[in-house]
Each structure stands twice: as C-alpha cells, then as structure tokens.
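Working notes for the structure below.
Letters A, B, C and D mark the chains as written, and numbering starts fresh at 1 in each.
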Amino acid sequence: MRVVVWNENRHEKTNQVVSDIYPKGIHGAIADFLKEDIEDVKTATLDEPEHGLTDEVLNQTDVLIWWGHKAHDEVKDEIVEKVHKRVLEGMGLVVLHSGHFSKIFKKLMGTTCDLKWREADEKERLWVIDPSHPITAGLGEYIELEKEEMYGEHFDIPAPDQLIFLSWFEGGEVFRSGATYHRGNGKVFYFRPGHETYPTYYNKEIQKVIKNGVKWVSPTDRPRPTYGNVEALEEISGK
Amino acid sequence: MRVVVWNENRHEKTNQVVSDIYPKGIHGAIADFLKEDIEDVKTATLDEPEHGLTDEVLNQTDVLIWWGHKAHDEVKDEIVEKVHKRVLEGMGLVVLHSGHFSKIFKKLMGTTCDLKWREADEKERLWVIDPSHPITAGLGEYIELEKEEMYGEHFDIPAPDQLIFLSWFEGGEVFRSGATYHRGNGKVFYFRPGHETYPTYYNKEIQKVIKNGVKWVSPTDRPRPTYGNVEALEEISGK
Amino acid sequence: MRVVVWNENRHEKTNQVVSDIYPKGIHGAIADFLKEDIEDVKTATLDEPEHGLTDEVLNQTDVLIWWGHKAHDEVKDEIVEKVHKRVLEGMGLVVLHSGHFSKIFKKLMGTTCDLKWREADEKERLWVIDPSHPITAGLGEYIELEKEEMYGEHFDIPAPDQLIFLSWFEGGEVFRSGATYHRGNGKVFYFRPGHETYPTYYNKEIQKVIKNGVKWVSPTDRPRPTYGNVEALEEISGK
Amino acid sequence: MRVVVWNENRHEKTNQVVSDIYPKGIHGAIADFLKEDIEDVKTATLDEPEHGLTDEVLNQTDVLIWWGHKAHDEVKDEIVEKVHKRVLEGMGLVVLHSGHFSKIFKKLMGTTCDLKWREADEKERLWVIDPSHPITAGLGEYIELEKEEMYGEHFDIPAPDQLIFLSWFEGGEVFRSGATYHRGNGKVFYFRPGHETYPTYYNKEIQKVIKNGVKWVSPTDRPRPTYGNVEALEEISGK
C-alpha cells in the first residue's frame, strides 16, 4: 500500500499556534502515525510543483489523504481532474475536516458541501452509528474531543453510502462526521475532525479511525469496466 | 406545478426518421402527454437564447425535464451552473435516456456516467424493483418495449438513493433504468428509455412513469438551509 | 385515505400525569390533529377485541400509526403477523417513540431496535438532515422540544433508506430520529418524539411531521408482485 | 478466522444427480475451496444434534455460510434465535441461493424474501454493478454460468446496503444477485448462484466471490454497544 498525505500547508507557515502544534505540518503529523503501520507513506503539499501530485506520483498512489482549508481555490483544475480520474480508477481518497470544501470533494459529491461552523472551543463527541463497519474497529462507543471547531447540519452532501459517525457538539448542533462513498472503482471516506488550531491528529482514537479509513478505501484489485459501443453477447431475434 | 421540458432538438432537424416519429420534437411529444394532467407545461430547446433557460424561466420552474444527446458540449457552462443551483434550491430534475451524459447530470453525480450501448432493435423489459415507490404507481410488474437502444452495466453512477427499475435486454445486458437521488433541497430522477429513433415516448406506461416522476421530484415546500458561521444555540461551558 | 391511530392506552389509565396531558388518550390527541386534514381517521387500542385490528379494519386501513410502550408483549403474535402482511401489501406504517420496541417494528427491521434512554427533562433539537424530503415540508431547520425523554445511539436498526432527522440532546447524545424504510409494497416511517409524560403531540411542528409522514407512507396504487414458479418470457435456446 | 459451512444436506441423500455432483455434500465442496485460503473451516448440517450449531460452535464462529432449501421448516426456532443473536454480535453470515427462504435470512430482512423461479437450464450472467466493492476483487465485468436455475424480480428484500451483482437470465428476467446488509455489529452477504443440480460451486469465479464474501463479512474487532438506561454525559440545565 502506497499512501500520499496531501496538505495545503499554509496555516503552518503563517500561524504560530498551528506551527507550534504541528511543527512538521499537518501532513507530517499524519504521515508519522501512518508509518507505524504502513511502509510507503509520502507527503505532498500545495506549493510544490503540480502540488506534488505529478502523474508519476498519482499513478503510484493507492490512497490519497486530503487536508485543505484557506487555499482551495489555488488548487489547479487540471490537478483536480487528474485526482478525480484516479479515484474513479480505484485510488482511495480520505478527505479530512475542512477538505469538505475542496474542489475534489465537491466534484465527487455534486453538491455545495456547505455546512454551519463555529470556533468556540467546544466539546465534540463522535458517536459510532454503524458498529459493524471496519472503520470503527478498535473504538469504543464514542470518541470525545475536549475542544474542536463545530461543524453543524445541514451538511450539503448526498446521503452517504454508509454513515459511520455522528457528532454531538456542546453548542447545540449535530453533524454527519464519518461518511463513506463509492465512486466508480474508488472509495471515499470523509472524516470531520482536525481543525488546525487543535492537536486533534495526535489523538490515538482519531489516528485509529484514519488508519482504518485508509485500509477501507484501499483499491479493490480489479480492472476498470469498459464503456461504449459493444457487441451483443446473445443472439438477437431476427438479426 | 410548472414544468419545463428541455430538449436538444437537433436530431429532429437532421434525421428524417426522428422528425417523422416526433414531428413536434421530443419536447413537444413529452409536453403533450404531460398537459393531460398538468396545466403549466412549457418547452425550451438548445438553440433558443440562453437555451430557453433564462433566469426568469428557471426561477419559475418547479420541475425540469432534460433530453440531450449529440450536443451536450454546446450547453453553456453558465447555464449548467444555474440549473445546478436551482436543483439544490429544490427544483426537480427528470433526466431522460442519453441525458445521462449531459453536463448537468454528470455534475450532480460526480462520476463519468458512462455506460455500454448498442443500437440493434432489442427488446427491453423494465422490471419494477421497488413496488412501494410512488413512481411505480399504476404499473404492472414490468414494462416491455419491443425495440430500443441497449444501455448496459457498468453504469458509472453513484449508488442510487432508490433503485426503482432494472432493465433486461435481449442481447445479454442489464441496466439500472430508474434511479432517484436527493441533492440539496432537490430531487433527481433518471429514467433510461427514449432513443430518438423509436416512438418510446408515445408508450402509455412510459408516459405514466414520467408523469409519476415529475410528481415525485416536485419541490418540497421549505426554505434552503442556512450555511456558514453561526452562534451557539446552547451555552458553552466556561464561556 | 383511511388512517387508524393505534395506541396501547395503558399509561393513560394508570398515570394521572399522562391522563391529565392526554385526556382522550395519546390516540385521541393524534386523531384530533389528523382530522384537520384527513376525513377518515379512526382509533384502535390494545384492550379492544383483537386490539381493535380485526381483518375488516386492517383491510380498510391505508395508514396505521403505532404507539406502544409497556405492554408490547401483550400484543398477540397473530395480530402482528396480520399487520406485517398488510404492510408488505402496501399499508403505510408510522411508528412513534417507544414503538421502536414493538413487535411489529422489530419484525420489520430484523434487529433488536434497542437504544439508550434517560428521563431527565432534557432539551431535544431535531435537525433536518434531508431538506428535499417531503416529510420536512413546512419546517424550519430544526424542531426544538423544551423537555423530552432522551433516546441515544447506538440505535440498533438497519441503516434507514432515508435518514431525515437527527436529534441533539442536552445530556450529550445524538439519535437518528426520523427514518424511512421501504418493505415490500409498503413504506414505514419511524419518528422518535412523544414520551407519554410530555405534551409533545400538541406541538404544531411535531403534528406537521406526523401529517407529512402519513402522506408519505400512504399506499402506492399498484398490485403486489407475483411470486413463485413462472414460465419464461423469452425462448430459451435449445428448448 | 474460523468459518463454519452449514448445509441442509438433504438433496445429497435422496437425489442421485446431486450426490454425483457433490459427493462430499454442498458443504464439503464449499469447505474444500475455502480451505485453500483459510485454515479453520468446519462444516455443520441439519441432521446433527442442534443442527451442528451448539453454543460452543457458534461462539467460536467468525463467519457462518448457509445453504438450505427443502427443509427450512425443520430448522429449530431456538437455533435460529441463537444465530440471529450471534450475527448482531458481529458474526458474519453468507447466505447462498435458496437460503433466501431460510428462517434466519427472513428474520434478518423482515420481509418475505420471496421471488420468481424457474428450472430450465438457463444461462445466467452476473454483472458487476459496484466495481469498487472488495467482494468483486479479481473478477471481470461479469460471471457467466452456462446453466442455472432462474431467480427473478421482484425479490422481496429490503433495498440492499450495497448492491454488487445483477443477474441477467436467458428467459427474460433480472435479479439482484449479490447484496450486502449491515445488521447490528454483523454483516450479511446474500449471493444467488448454487442450485443443487448444477456444479456451480466448482466454478472458480463463484468460489472467488464466496471467498471475498467471507472476508468482507468477517467481524469488526469491537464491542457490542451498551443499551438501556444511562447517565447523562453532560450537565443538564437546572438539574
């Protein structure tokens, strides 16, 4: 399994709070815990040439993790098209937190992916809704985060193929926090937590979910279907 | 209820077979049978200014029906954006046959919407898979079309929110022929039959499905949710 | 449309708090507001012969509403079988609150339908998750109930065909509060609120949801499919 | 992983055609190919004490495969209850072919699970509908079986959580042939092929699907949720 952790990596350069929490960047922190289980973990960031997502990199990636926030618009449409194509070919995609507004997630969902939000150091509790799902392996009934940004419904996404987590927030909102989608040959997992000003990605349970998610979205070993004009498999009467 | 039947209306101008079957255009044929039940039915076509879909028209449309085939690329992106926005605001959308490859359907689905196809005068049988669904009202167990174009799986769409019809084709293929989706405040119904060289839209059962579909996608009377930064509804501890 | 409101009607006989709130019984209160829109609304209760659900009654019912709590076990299996059969034939079913543990709901779901609960006068906020769904017509973004019993996840049900409401509770839990299911020719709507010691069924928004729900589950006009041994529709090669 | 292949094992005792094809029983044939990949594969049959499904066996089973046909009624309700409980606790269940009418499958589905059928040596073609699903790993676009019993829609099941295969039959029918369900902590995979008078379980692609299915339904490592009366996690105002 070959994983690439993609990060916008802008807050880390301009906000001392963020760089203090994530000295190696959010991508670095995520790559670090993934390496505990997976040998081939690389990172890529917005300001690299082609955002670090060259054809060579994409073609050798089984699972792509995406974190972005303030610079979604700077991601080139051409790269988004390539990532989209790769997902439909089978590459897994894990979209984290504010990645809900990324071009690639919106393109795959077909909706605005808009939501309510608030920064108020709120307690978040992520309840497991589907205890049969492999993404919940090793977890208890809920994950509690002492302080996080709030995301609230309505979350403008298509109904998830599987809904896995629901968040409760102190200030009165709920949110579909863990959702999976099948798109073409590929699988997508959206997971809510991870605002840049909190140390969320050091939380062991959050790490477990992301590890499980990477495993769950990993490619199914099979060819992409063929499309277009085809011959009949059976004789058609009178022809 | 205000319905607009949109048609590319190009085959009708260049192919005698098509214009013989549909002298008033495919849009005209569909509008005709809808008017049996609905008072306010209009049509719009590609070659009209703004494709007949001005802001005024779109804002006064409850349900839009879409038929297109050979000129999908000529539909302006700007109009597609407006239709997309209206669907998310609640306008119903019924996509017919080769409309699977329209810009608006692909944008709402997030996938290629590709499929297999063959023109060989094949028998098609559309089986009712969800007999509880209002779109199947008044139908028997299946609809039989003596001759149609074949569409076959894999159909590269997200798993439908509700799968209503499955087609059997003489030449050996199957197809998810009736599928519904919820997107934002809007509802979408894709219905497969209706190749331009067959008189499919004169079939009374096909007409019934389209009538039922129009009713099913019609807007739910409620506001679009609000999005963005919000105040807490509950007191947050220590604040 | 012919509606029957079924109620266990036991708390009303033994608990002064409940009979003060619902002097005509929970069934009476629900029937009263449904009659504002629907002409033919009847009630039936546990202690009537055959629980008020004779063959004659069931065969003339389009939509059955179910409220039960402490006497689920006293509902005769034979009656449950008949109701189950009628749902699969197309009769709509609206299951309210503690009806989650009724024999009929458990039989239709195939799971324990268990959940967490607490009686602590908690604020409940039911968020609209699917703003396109007709059951949400006329509502705002959420319904607030000042005091209700808490129901919390995990709710041991199959993933709903459509998830419509999510509840937030003051004490830290979330719950899938509005869920629809298609079963055979029938449709089922589970709606959470309505603990017997609160005046929830006088709340205008709750009434609107139940009215919308009754409309949504109402039968689709079509025959039940045929099952069993059948002749081939097409010639089978070499036979 | 510990797998138990359960078989009614009655046709094998009374029908020479069946015992010639499956000299070790259908269970023996399935166990044989599973053992290529899995170490701990056992079998159990109807006529053993407790149908071979003692508490000890069930408690040590990760995945149960079920084949039954003519003796569904002889399976004791008490054993069905135990299997049901184990599925909700996380044991995977693979239901094959005529197992659609088994007590355990009907109990988990909540519907009649009825269908159309015909024995006419028909060609079946199972099309892959969800190419992202791990159950399709290693397959092409469809599996072809030269001769099989026909199963046709309407198949009276709840809409699958994931629909994976659709069958085309020579005689004019279609069928949802591969379907998965989440129930409690457990996962269920229904797979259509395998009539007793055909050598279907020797087909390498069918074997691959069953192997993939066993892997897919295998238990997620996590506790069953707790249910019932609970304390509040957060302070409730005024209490």
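Note that a residue touches a chain if its C-beta (ideal position, glycine included) is under 8 Å from a C-beta of that chain, and two chains touch if they have at least 3 such contacts.
The shown structure was predicted, so the numbers you read here are calculated from the model rather than taken from an experiment.
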| item | value |
| --- | --- |
| Where chain B and chain C overlap in contact partners, by chain label | A, D |
| Classification of the chain A:chain D interface as same or different, half of numbers criterion | same |
| Between chain C and chain A, distance of the C-alpha-averaged centres to the nearest whole Å | 36 |
| Where chain A and chain B are represented by their mean Cα positions, the distance between them in whole Å | 31 |
| Residue numbers of chain C (touch at least two other chains) | 123, 125, 128, 130-131, 141, 152-154, 159, 161-162, 170, 172-173, 182-184, 225-226, 233-234, 237 |
| Complex contacts: residues of chain A adjacent to chain B | 88, 107-112, 114-118, 120-123, 150, 152-154, 156, 158-159, 161, 170-173, 181-184, 225-234, 236-237, 239 |
| Touching residues (chain side chain B, partner chain C) in the complex | 90, 123, 125, 128, 130-134, 136-141, 161-162, 170, 182-187, 220-226, 233-234 |
| Contacting residues of chain A [partner chain C, same complex] | 125, 127-131, 141, 152-154, 159, 162-163, 166-169, 172-174, 176, 235, 237 |
